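Structures for review follow.
You will see chain A twice below: alongside chain B first, and alongside chain C after that.
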Partner chain A sequence: MAFASRRLGKELSKIHGNLPPGITLVTAEGFEEWLLDVQVLDENPIYMGKLFRLMFRFSKSYPIEPPEVTFVNTTDRPIPMHPHIYSNGIICLDLLSTQGWSPVQNVESVCMSLQSMLTGNTKNERPEGDEQFVASNRRRPRDIDFYYHDNTV
Partner chain B sequence: MAKDTPQDAARALEYKEKGNRCFQSGDYHGADGFYTNAINADPSNPLLYTNRSMSRLKLAHWDDVITDSLHAISLLPDNMKAYYHLAQAQIALDQPGAALVSAKKAHEYCVKEVQSHAKGAGSMGVITELVLRCKKEDWERRERTREKNRKGLVGEMVKLLESQRDRVLGEVDTGEKEDVETEYAEKIEEVRRMAAEVGLEGRRRKVPDWIIDDITFSVMHDPVVTRTGQSYERASIMEHLKRSPTDPLTREPMRVEDLRPNLALRAACEEFLHENGWAVDW
Partner chain C sequence: MSETPALARQPLPFPGSHLSDLSQPYTIHTDVEVDRGNSPETPSRLTSSSPNLSDHSISRASDLNLRHTIDLRAITYDGIVDENLVCPICRCPFIDPVLTDCDHVFCRACIDGSLSHGNFCPIDRLPLAEDSLTRAPKMVFNQLDSLKAKCPCCAKLLPRSGLETHLERYCLEAHVRCPGFLLEQGCSEMVKRGVSNQHCLHYPADCPDCSETIQQAEMDTHRDTFCKERLKPCDYCEVEILRCNESEHVENCPDAVQSCRWAEYGCQHEAKRKDLHLHAGDCHFKSIGPMAGFLKKEINSLRNDVQNLTETNHLQERRIKFLESGQRASERPMELMDLSLANLPEATSADSLDPGHDYLLSLLETQQNRLSHLSAELSDFQGKNTMMLFNETLPLKNELAELRSTQQVTCMHVRWLMRFRMQENQRRFGGGPGPASSGGPEGGAGFGGEPPLSRRLSDSSRDVITKL
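Our next item is the complex of A and B:
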């Protein structure tokens, strides 16, 4: 995975100690899976005082292929409430789909997009059909054809 | 030379097939032998020489790679593969200047393969990498020479200062000798310090953003520009377009044919790397 690891190595050296406020690197061991914590900085009541954990998984053709990005549930890190985030952590965001991805995006820019997606949200709810989706989905997140019906959220 | 008969060419291809099978199974000695038989049957086919040089690359028989590659080039001048192999052998033999010239030729012919939709287009990534590696090693070699000259110069200056000190010591009274010793010790120390700083300075410069390809985050060799005005390394934007025929910034439809070389930026990258070869591995 020379292509991906070289680029990720460079992202890592840029990131170290240089992430925007509210985004912190948790682990980046190897070039397959990274964990980052994200928090919303303003006083949005849905997310106030909470930390959320993101898991990035990279294929060997990253950044030509998108990374797989999901929220993960830990004892003190819940899955954020959002009309585009399923309760199993799968995120419905055009940027992360095979169609919407662009290789000029990077770990930092994806984190910032997700942070701003939370910041701007006012609906304390899950996507429609969350329960059924979580119970039945066996596909990888990037292979799911989400219907981006509402780009305003 | 006897004229080739169709039988010879056919026999050569049979040997070549056998050689290819050996090569694929990792038997590079066996492959070398079959390609040699193929060449004996049909010495006019450049492909046989590039195939043989590929197995010789694996065997680390660098001089033979060079002979085969040059032969293949004499039979077919626009020979991307031969230049690619040649550059690898030259780098292995610590001839980075010559390797860089060869790697650039390989790159140039690879761009032509892309334009004519030939299969050599698939090598753009590895060839670009090789060009950058050659640039780095070429710079390192020049840097080593410079470092050696610098050390020699420092030694000479120290010797001059020492002989001057000894002359002065012979002329002054015993009471002043200690001051003279201290003065010259300080001067010599200062010369060494200055030389060490000059050596470090070149390596501590920052890599400017304009030389970085936004897809691989590597330094660029052959930047191409899109309609938005953004430049990318040719190899990486091609890799992206294979998957998604869109502009990475605007997502508007875009094809390889829409890319234009960015000559001024290319020259700037070239110049920067000439002085800062370390930036290849920033």
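Our next item is the complex of A and C:
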């Protein structure tokens, strides 16, 4: 854990008060679970005026292994509508998979990628088979074999 | 931690003051010290019979040095390190940097970790093999070595490359072996280099105040902060008090800060104990307070009552349910009785902790009695049934036998009549055998001189009868 916590410590001290617009740190207690709020800044009608909460879970092998990133549903923070985001908050993004992850990525860069993924979206819909996936999935997000087919969004 | 003192002869009765813990960015290796041999007769120890300990340890100061390994990722660097010297994976200044084919630099440990998950460069995702990594240019190493870092012990700023040597040889705050290590007892403790020219203080001693036994080296800390029998100034007033009486004193200290007696009901006033009476007259809660206290007591007693009633209610509900189920079971047909009763013991054992379990048990017993009674009755009934059946079938059997014999008799009669009829027919159409016709087969045999034709006829007629 030492390696991961040291790297996260460095990220945290860099993040403090110095995040790109639209991204705010909510809690970072310890080096296992962080919460951040993300907001879409342009006038995308799907996400206008809404805040979304992201939960990062770090393993002992971070940053060699990707963190587990999901949207969380709270009373005032919904799960964003997106063809790659399931209604239980699981995100289908190759950057967050074991194959697509690179250890030079960090919490800030992941947040920015997700922010731009939302900004560029025009479809107000959930992925195909969302209900079935949400009802049946018991795996952790990084263990799911998503098929990354759509490069348009 | 790798602290296995190679020469610890006799563990001291007190936990040693191992001052390096996990949070420290360096590790002290007590097991890789210069080999001095294991026997106490080693010349280096016994040559000096001089009791002058401090001279001895000073002369051998270098023998007390311990090897230090610094975790360069955990130390603090001076100012902000140039981003170009920071590994993009661990975000620390490079440690043993290597260069990839695609001109990116990483720490060797970091890129090794990354390559174990996929053979590509973490920055541009180009294919990358472990054996294609080369040592980073000397210039990079030089730049890294000259980075100023804070000594984890004395906080002095030093070039990163010299940090280990500094800790091992010069830093006054770094740990070395206790001078007692060179003596015959071979003390296995560590002390700061700054005090290593003194005697070994790692022996048990009695505190002069509380007579507790403590290591001499820790005596000062003990007497200053822990010893119960030492005086210490009160945190609130000026009085000096014994540490063991501190909590008692604070409860009565006139200068200790205390909250208003109605704080429980919302008064936020806090004052020194001696000034609190001034507030008592003005407190807004002084009239509400007693009322609130009274109400609180009332509410508590009511809450207790409610709880008792809920419990009783619960118990009674359970009893009613049980009685209902018992009634239902007794209404069921006989063959289901067994099943419903078999379920009962489970239900009761699960509730065995309930205060009403005695009652349930007694009910169960009654039901069991009834069950055994019923099964006895059942077997009785079965016996009776068999008896009755037997009695009824016996006359039937007799009658059947009678009928069978009657039928046989009738059969005989029919046979006789048939034969009679046939013989009559023969006589009428065949012409002749005459008077012997009534003699039957035996009689027929008597006509030995009959023509062959009639003989055959008689034979064939006999055959017909047998077939009947």
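The criterion applied here is as follows: the second predicted complex is superposed on the first by the 153 of 153 C-alpha atoms of A that agree within 3 Å, B and C clash if a C-alpha of one lies under 4 Å from a C-alpha of the other, contacts with A are read in each partner's own complex, and residues count from 1 in each chain.
Convention: contacts are C-beta pairs under 8 Å (C-beta built on N, C-alpha and C of every residue); 3 or more make two chains touch, one makes a residue touch a chain.
In this text, all values refer to a predicted model and were calculated from it rather than measured experimentally.
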item	value
Clash or fit, chain B versus chain C on superposed chain A	clash
First, second, both or neither for A:Phe3, with chain B first and chain C second	both
Touching partner for A:Asn137 - first (chain B), second (chain C), both, neither	neither
First, second, both or neither for A:Ile64, with chain B first and chain C second	both
Partner chain(s) touched by A:Asn124 [first = chain B, second = chain C, both, neither]	neither
Which of chain B and chain C A:Ser109 touches, first, second, both or neither	neither
Chain B region in steric overlap with chain C, selected from 43-51, 61-69 or 187-195	61-69
Set intersection of chain A contacts, chain C complex versus chain B complex	3, 6-7, 10-11, 63-65, 99, 101-104
List of chain B residues in touch with chain A within their complex	125, 214-218, 236, 239-240, 243-244, 246, 248-249, 251, 282
Contacting residues of chain A [partner chain B, same complex]	3, 6-7, 10-11, 14, 63-65, 99-104
Residue ranges of chain C touching chain A (in the complex, touch as defined)	73-74, 88-92, 110, 113-114, 116-118, 122-123, 125
Of chain A, residues touching chain C in the complex	2-3, 6-7, 10-11, 61, 63-65, 98-99, 101-104, 106
